[in-house]
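Questions regarding the structure given below will be posed in turn.
Chain nomenclature is as follows: A, B, C and D, assigned in order of appearance, with residue numbering initiated at 1 for each chain independently.
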Amino acid sequence: MEAFSDGVFAIAITLLILELKVPPLAGDATLGPRLARQWPSYVAFLTSFATIGIMWMNHHRLFTLIRRVDHGLLVTNGLVLLGATIVPFPTALVAAYLGHPGQNLAATVYSATFLFIALAYNILFRYASSERRRPRLLRGDPTEPDVVAIRAQYRFGPVFYAVAVVLSLKSAVSAIAVNLALALFFALPPRGGAGES
Amino acid sequence: MEAFSDGVFAIAITLLILELKVPPLAGDATLGPRLARQWPSYVAFLTSFATIGIMWMNHHRLFTLIRRVDHGLLVTNGLVLLGATIVPFPTALVAAYLGHPGQNLAATVYSATFLFIALAYNILFRYASSERRRPRLLRGDPTEPDVVAIRAQYRFGPVFYAVAVVLSLKSAVSAIAVNLALALFFALPPRGGAGES
Amino acid sequence: MEAFSDGVFAIAITLLILELKVPPLAGDATLGPRLARQWPSYVAFLTSFATIGIMWMNHHRLFTLIRRVDHGLLVTNGLVLLGATIVPFPTALVAAYLGHPGQNLAATVYSATFLFIALAYNILFRYASSERRRPRLLRGDPTEPDVVAIRAQYRFGPVFYAVAVVLSLKSAVSAIAVNLALALFFALPPRGGAGES
Amino acid sequence: MEAFSDGVFAIAITLLILELKVPPLAGDATLGPRLARQWPSYVAFLTSFATIGIMWMNHHRLFTLIRRVDHGLLVTNGLVLLGATIVPFPTALVAAYLGHPGQNLAATVYSATFLFIALAYNILFRYASSERRRPRLLRGDPTEPDVVAIRAQYRFGPVFYAVAVVLSLKSAVSAIAVNLALALFFALPPRGGAGES
């Protein structure tokens, strides 16, 4: 299952570049300004790249804890992968609409996609770490630093992305900035641990 | 062989999102209604995502039983992969034509693709579990619950998808609904077993 | 190296479907004839799918014999992968031009791509099985049935594809038919062996 | 982590072909000249294919030395993958603008992308081979021929690509030629070693 999930993350992160469009030939030397005017595409690309990258790292870290895969885990993992495969669409939406009427809705759809993914991770983690299933599905102890760190990160993720969704109603740019900041923040080394795997 | 098949499933499921088109910039704030009008794209995307996801789960479960791969298994597995790679095309067809003249034909092509895949799985499973090849190719006993459950699911799959094909002649929406319902139904945990793998 | 190669084959075979275009909405019920008129796309898709599938099977079979990978093997394998990644382009060319002026050139480019791949396989196999490198790189004996069968297939492949190239100058349809026939022929079980792997 | 990286490289190298466009049907027999006029696309495709191929080979060779993965390695590796996923965009830019006004800027963006990747490799390698982290992260001895060869190649890579960036300000064609030559040069067998892996 991890190979399949890795494949989906790797493809989703690589497909993002297809949303970056080459400005059509204009016959004069204005390529520079026309490339510069596409800045929302670059911001959206980088934010989505960083977010999917972090998602993959979290997925990878979670699966080092998993001992056995049952049907429910396959299905809840499917929700996470659904979120990951969707990302190129809201990314293209933000790339096209940032700076134009409709940008707030585009930023809302974008942030809501990440909120959905954060919630899907929570469902996956709660499923695997429930009292009843933990002994069968998870490796190690519920008080282990890794499990505690993952649980904390998973608990706060949805809150942060919900903030981005609310912000997007007022300001598209701030919402995207929050999403990018979240990805960079999650890319920091985990506190209090070597973070080896 | 399983790595190659996993790769094809992972790519086919991730390419589906490329069929979701960003509405062209209109210069006014009508992005919301224009996104809403694309609902057939979302339905087709979700149905295809769920169906390829289930196909992968079945493929994965089948290959836990397979001990050895011969030439015939490579070729019959190729038929299943052919079906999986085709899915983005009928998905785009349904996304474009649902609610327009031609929608019934689009739904027929869509349902027929899934019927083809269900038949290909049957050919693959019958090939591997035939009297003559079973001892060489399969692990375990023909009366094992897993083998019995897979055989039952494989027997009924084509019948259900044939019903969707027939329905599509009358009503495109009902045919798509049946396809979605089938994917959700197959995502339920297998009866009478923990379904661990 | 095999994981990377498998990935490239899996992606190239799955990208083929992106060349199948959905006919634009016409507002009337003529979807059927417009889908039918796209038959060259379907033929080109199936031929390329079968050919890449066979290429992957051959690659897989060859790599069961390989014991060690050196720099030259990486580079000659890169030629094979170059051929595989190119396939979607001539496939789209044939899909667009079959039945139109320029179809012969399209079929020549298509057949020449497969000829290139067949030659690349020969270079790869000759490199690995040369007197000097065989003991280090290959597993098993040069007189083993598997090695003999692979060598025979590799020797004849370029000849057949060269015939298709020559045919394409006269008749695009015959050249495509020969390419499809070759893929189906290579999909037959290898003579005189169980073909297990 | 290597499986995920291999996947990203394999997808980025295979997506390059999507930038090769089939000339639109013109109804006359001018396909040949129109295909020939697309030569910048073929040059850009081949250069990018060779460069990503070499990047993957280097990545693969580097990871045979890595014993353990920590958080910093995941993040610096992410920079390399970011570079690899971007490649199809500047490739398409060069394909569209070579021979037209704006070609120098296109070649600058193209060369700068490869400079970025070369720098990212340096950051990754320096991180893993720093005094403090080496014993934990790397296998083997800092004076081993493989490590010395990698370090030399990594040291000179950015210099060469910086030359290509500077050249691109004067001549787009020379800059692309330097990039292609670098890829072919790095494809030569490593001096003084069998280069086995």
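In this section, a contact is a pair of C-beta atoms (placed from the backbone, for glycine too) under 8 Å apart; a residue touches a chain by one contact, two chains touch by 3 or more.
Just so it is clear, the structure is predicted and the values come from calculations on it, not from any experiment.
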Rotation in the CA alignment of chain A with chain D, degrees, nearest 5: 90
Centroid comparison with chain A (C-alpha atoms), farthest chain: C
Numbering shared by both copies at the chain D-chain C contact, with half separating same from different: different
Mean-CA-position distance for chain B and chain A (Å): 26
Between chain B and chain D, centroid-to-centroid distance (C-alpha), Å: 37
Per-residue multi-chain contacts in chain D, two or more chains: 3, 7, 11, 15, 18
Topology of the chain contact graph, where touching chains are joined (line, ring, star, complete, other): ring
Footprint of chain B on chain C - complex, ascending: 3, 6-7, 9-11, 13-18, 20, 22, 25-32, 35, 49, 53, 56-57, 60, 187, 189-190, 194-197
Chain D-facing residues of chain C, complex: 1, 3-4, 7-8, 11-12, 15, 18, 68-72, 74-75, 78, 81-82, 85-89, 92-93, 96-97, 100-102, 105-106, 109, 136
